Amino acid sequence: MTLIKFIEIMAILVGAFSGFIEARRKRMDLVGVFTVAFITAFGGGTLRDILLDKRPLFWVTHQEYAIAIFVLALVASPLIRTLRQIVSERLIVIADAVGLGLFSIAGVSAALAADMPIFIASMMGVITGIFGGVLRDIVCNEVPMVFRDGKPYAICAFIGNWLFLLMGKYGVPDDFALWSSCLFISGLRLLTWKFDMRMGR
Amino acid sequence: MTLIKFIEIMAILVGAFSGFIEARRKRMDLVGVFTVAFITAFGGGTLRDILLDKRPLFWVTHQEYAIAIFVLALVASPLIRTLRQIVSERLIVIADAVGLGLFSIAGVSAALAADMPIFIASMMGVITGIFGGVLRDIVCNEVPMVFRDGKPYAICAFIGNWLFLLMGKYGVPDDFALWSSCLFISGLRLLTWKFDMRMGR
Amino acid sequence: MTLIKFIEIMAILVGAFSGFIEARRKRMDLVGVFTVAFITAFGGGTLRDILLDKRPLFWVTHQEYAIAIFVLALVASPLIRTLRQIVSERLIVIADAVGLGLFSIAGVSAALAADMPIFIASMMGVITGIFGGVLRDIVCNEVPMVFRDGKPYAICAFIGNWLFLLMGKYGVPDDFALWSSCLFISGLRLLTWKFDMRMGR
């Protein structure tokens, strides 16, 4: 298994896991737990692809992810309290930060491949990174957390996306631009988390 | 009028009716009543078609359904309390179960026709069957009922969809597979309703 | 700058402004304020284009609008209280009424250009006119205002759309039909606002 594949799986699982937790908090049943986990993991990329009119969707061509979340919902659902004790807060935040970087830059790349203008591309990257959580909160009947907690989550993605776009513009090799931007987003997110930074309102 | 046309109309009307009731409970006005009824009746199929990138949408090519719901919203809205007394709970559940079977299998067929892998096809069937109600609840600012009441509604559709997919795989004639799966879903749903079965959480 | 361009910009800014206000009322942060403003301004047209399968989306080809809302969110967000005092209620209602007329008729035109049947075209016009606000309210975790306040907002758009469709059918020149229908919707909306008319429920 290549590194990127591993990170991708980690990011999806972390998304699904955050969906599990939110769905359980809302006392949802098995159907709700699976659906909310699925929406959290794939909602951002799906919305981006619908806006770009890109098909087939990621989770359609890789049904193994849908099956994995399905099995996890069946198996892990009763174990979620135990899981939350085993998996430390720190590990979840790290995996989530890695996912944010990866998904955001993947979103920008997809938008550029679809000939989007650059500001739109930077937005598509943020949408990919955060709208899984936004849709999760809407389905769970909450005002989306990422819109109100004042933590610079989307902002980290936004800045990193522009780093990536600028590197592309100034001829930095694709591979380097991609990986360094992912790392930048993940690192910035972890830094702001470590120091509990907030934006003014 | 053929049987399938009749069942289809019944299923759409039942969806619209459940939207009417929910919208009235939320004290919505005429615009809300029509929109929520429309979303409940067509939301599942519309979401499926957007995910599959299939156009034109069902209600676009059959505008008579949209017109029918519009007229019903105009006429039936003041009469909804009377209607709820005339139409028995039992009749609604039966029509809804028939609709669940029909919509789910129609969703699986549409997904197969679009070359979806089978697990995704089974999901698309469930989406078609339940997301009208999910979207209705989101617009009405509720946590979707189907995600939290623990009743095996989506599960019935899911099992029936796999019955349909397996019959297809093992060469059972299309027509028989389709109708028997629809009947299976409707029957299973009515059975679980009759005995008030719940899933564990 | 042509007149239509000016009106279009006004309509988008009014949409964004109503999103700003709602997002601030919900105590959202910068990310929320921008996103909700964006959704309010472009949500209706985006939903219409997804339903019609039309791409690229309006705000994709005109990224200057997205940038403008972004800058406004950065700059105006702290000034929103001051802005609400400077900009009178009356001005907002007028600009919003103009926007409703323009967006609705633009929606009908887009639907006709995509060969939609006429009832669907009239619905697409209303969707374009009102769903920005509907999506804003859903993201802000409220039952959509336009579905429950009993004010004839969507109704004005609906009637004007039919006026436009009928003029088209009876050979009235396109330009005249378009502008007079826009004016009709805006005027009717202002009239119903002036006299605080409500629909019965």
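First chain written, first letter: the chains are A, B and C, and each begins at residue 1.
Rule of thumb we're sticking to: a contact is a pair of C-beta atoms (placed from the backbone, for glycine too) under 8 Å apart; a residue touches a chain by one contact, two chains touch by 3 or more.
Chain-to-protein mapping (UniProt): A, B, C = Putative membrane protein YeiH.
Keep in mind it's a predicted model, so treat the numbers as computed, not measured.
Peer 1: Considering only which chains touch which, label the overall pattern as line, ring, star, complete or other.
Peer 2: Contact map by chain: complete.
Peer 1: Rounded to the nearest 5 degrees, what is the angle of the rotation relating the C-alpha atoms of subunit B to those of subunit C?
Peer 2: 120
Peer 1: Please work out the Cα centroid separation of subunit A and subunit C, and write it as a whole number of Å.
Peer 2: The answer is 31 Å.
Peer 1: Mind pulling the residue numbers of subunit B that touch at least two other chains?
Peer 2: Residue numbers touching two or more other chains: 50, 53, 138, 141.
Peer 1: Considering the complex alone, what residue numbers of subunit B touch subunit A?
Peer 2: 50-53, 116-120, 123, 130, 134, 138, 141-144, 146-150, 153-155, 199, 201
Peer 1: Give every residue of subunit B touching subunit C within the complex, in rising order.
Peer 2: The touching residues are 23, 26-32, 35-36, 46, 50, 53, 55, 57, 59-61, 63, 66-67, 70, 77-78, 138-141.
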